[in-house]
């Protein structure tokens, strides 16, 4: 399926600063970038990099001069997803697990799984299948946490959200990740462009590692699961933030868009009695 | 310099469990293991692995049968350290920095640098040299935080310690890391065997990334900086814990020892007007 | 009903200190103290006081000399309780409410009702009767929080317990209070001697203000609701702690006991379809 | 000295709600209200009350009909203050202290003195005089915490502010109170109208109980200490909030003003070598 995606970031730089910008769509076996365009206005010294932690392509940008900074990205992405039968997703094998997956078992800044151990076991510990566990987690979050713009900030973590019960996509994802890890299911943060998201914005959801596959889950239920163009994965928003600034900078605006460039898109959502999990590979 | 190191862990396994055991000394260009011995009693299925995140060699162990589990490790390690002149440690260059270092700029579970931004800038922001900044952080922690066994637990983080002002080596290290990151200095958790530590135990301190080198710092001031045998580094104790258990297990005992196996050891501590930083490479 | 109650406290005083000791049974219209005995060994300067905040009789004790300090209390208390029909407990009227009740609507140190607003409304907001709401809160705590000695400490608050889901009677009471206040139901902390508590100890539960009556609730379900001898009420454990020390003191031991001194005691517990609330007046 | 004070509050009531409005100036031996006017538009059922906890005159208002609600208050207040020599403020005597003062020794929702024990003792424990201790606390807050509108919210507490180091008058006061209590000095929250505050607003500061007197302290240093008209005191903002709403209500605006109605006002600030403390009686 083809998606036309785009993002813009505008800043006022107040003193010499370095930016890490994480808005490029990833190259993966299942995601090809047919066209891509990235501009920085005015021109700056930049480095294009790939992350060893998590997965991301990112730009490091050196802004030595105070003033306005406008960043734009657009791409035409061709993605495919894979549906994996539920019976292949029923268990998590710690023995033999690839070592690169292990960090996603541990607590992180915004996903304090160590503090949610009892909560997770009380609510979801009785469910046999790991896939069913994560579906139940996702439903619980959707049913109990109110989606409320402006209710949280950059310091809000899963430990807050599980009690305060309001947040945005980032908070929903952090809570999902923390609950998975508390049940010994590896889970990671996923950012992307999302079609049919209203109002348009960058989106965050999460992947759980089931039967050796990274399967996508979105507790917001706001978009079709196959409508994402992957930007990055990481332990949590600390790794995969759209933009991280080192230096004094005013954020002025952020926009993102994602449009279908093909016909015949059939949206996929998980439903009761779900038979397959969806993977972005 | 040669050190004879050893560790023992004893557990009662209550149900089928998986362990990740992180007590092997690392192989590095500056640390050679002349002899090494690792035993598990009774025998279990184990995997010897190296971490992609942080640096560690670790054992993954499958304990299917309830019962006692005894793990012992001993090694003869030959280490060298490097002294790097302070003027080469004065700055941190974000542009050009190796991408593997970037995660150590971000907040993590126990090192919430995002919440300590003002504190770090108020106390240490005026110091020019990055090396001097980290020395000042280390001194501040040593002078203000009381070393008090039993005052903290596995959930205690830098955000607690900066206010509650008591803790153990792990807490001292977390606070040092969080303050460095709040000043845009990459920092990571370091665990090792430590000679002259009284009472003997596994030790934790931290490394800061200065002028392209990982330099060791120990806010406890309990041991000579060149008296360590490195076990692992990671974002914080979540990555580099001595043992992580998945399943119901009772911890019974932990011991560690580290003895000089050479003569002529000259302990190195940082002192005022410090001219060099010490690196374990 | 008559109860023989007793308590002992032992301390090692390390420097001149002041104690506030809160182990006397209260005098109330429904609680008469037939005999009472309070001793301090060695003798110290003490003041017997009654609190304006909450309700308590307490001892202020001046320990100028370092050394051992033993405090014992015993009493024969005659109590009566009142059963109030559920239909009189169905609502809370803020207009006209006695001003002394208002503080029990507000958040306090261990009962951060402001942070539990959504949680309380999501779980209990749909229940019409205020009495039924508090019964549901009590049942929820009993069903979801594990009673586990040593799992919490003097800093643990309702905000921790609602997520960590383990604690002791004090934590159960704090969570019950916080949830009531989040629903605009005044609630206060209650400490007392409790018969049939095993092992014997001082007990904590809470009262909610329903239809103008303070009704007792105990989320631990450990004791009969009519088996208490009231010591104190307050906003939370900060007000009604058994002992508060100003100065350096080692706590050595605490014991409490409560025995029935009458025959014919019929224990009362709230059960499904509860028709009455129990008040200590 | 005479002050003309006024306040307005505007709300949109969305469902039947009860308000507790705390904007009346207090009657005290040292504060006389020469004129006073309170209006509610449209008319509502109200109760005028005085608090048993802390000190306040407040209005309880029953808003049964959805719609706009405008509240205005104005008064001409005549106040006197008393300067008490520092040598009478040097100590806090727990023995003999009026029982109504004891709650102000305990931690409260926004003033977690129990968590700041070491911090307070490390920074201020060496100072002999209690008055000098509180002056040092006030100076420390002024020097280390940035006054920054919008940096905090209604959940922010002293435990946050001591680390995050930014806030508004309410946060400054909470931190001052928490540090005093951690040193066994009773302290309470104080709200009032404040002349020469720019921009005009309701103000919060705190009182410490020294030598038997409630002495005023303002870590913001924004106003003359004798330029206040007292509205209320309480344990913290939970007790002495300008307005507390029970029900769904949108806050639309809050204004406050305070103008000198006399000539010859000589502002008083504490300065180094301070010889007296100022009390509002």
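Order of writing sets the labels: A, B, C and D. Residues in every chain begin at 1.
By definition in this document, contacts are C-beta pairs under 8 Å (C-beta built on N, C-alpha and C of every residue); 3 or more make two chains touch, one makes a residue touch a chain.
Since this is a predicted model, take the numbers as computed values, not measurements.
Considering every other chain in turn, the ones in contact with both subunit A and subunit D prove to be B, C.
Fitting subunit B to subunit D on C-alpha positions gives a rotation angle of 180 degrees, to the nearest 5. Interface subunit A/subunit B: over half of the residue numbers present appear on both copies, so the contact uses mostly the same residues.
Centre-to-centre separation between subunit A and subunit C, using Cα means, comes to 46 Å. Here the spacing of subunit B and subunit C, counted between their Cα centres, is 44 Å.
Between subunit A and subunit B, the centres computed from C-alpha atoms are 30 Å apart.
Touching of two or more other chains is recorded for residues 115 of subunit B. Pairs of chains in mutual contact: A-B, A-C, B-D, C-D.
If you check the complex, the residues on subunit D that touch subunit C are 18, 20, 45, 47, 49-53, 60, 62, 94-96, 99-100, 102-103, 105-109, 112, 114-115, 154-155, 184, 238-239, 244, 246. Per the touch definition, subunit C reaches subunit A in the complex via residues 115-116, 118-119, 122, 144, 146, 159, 162-166.
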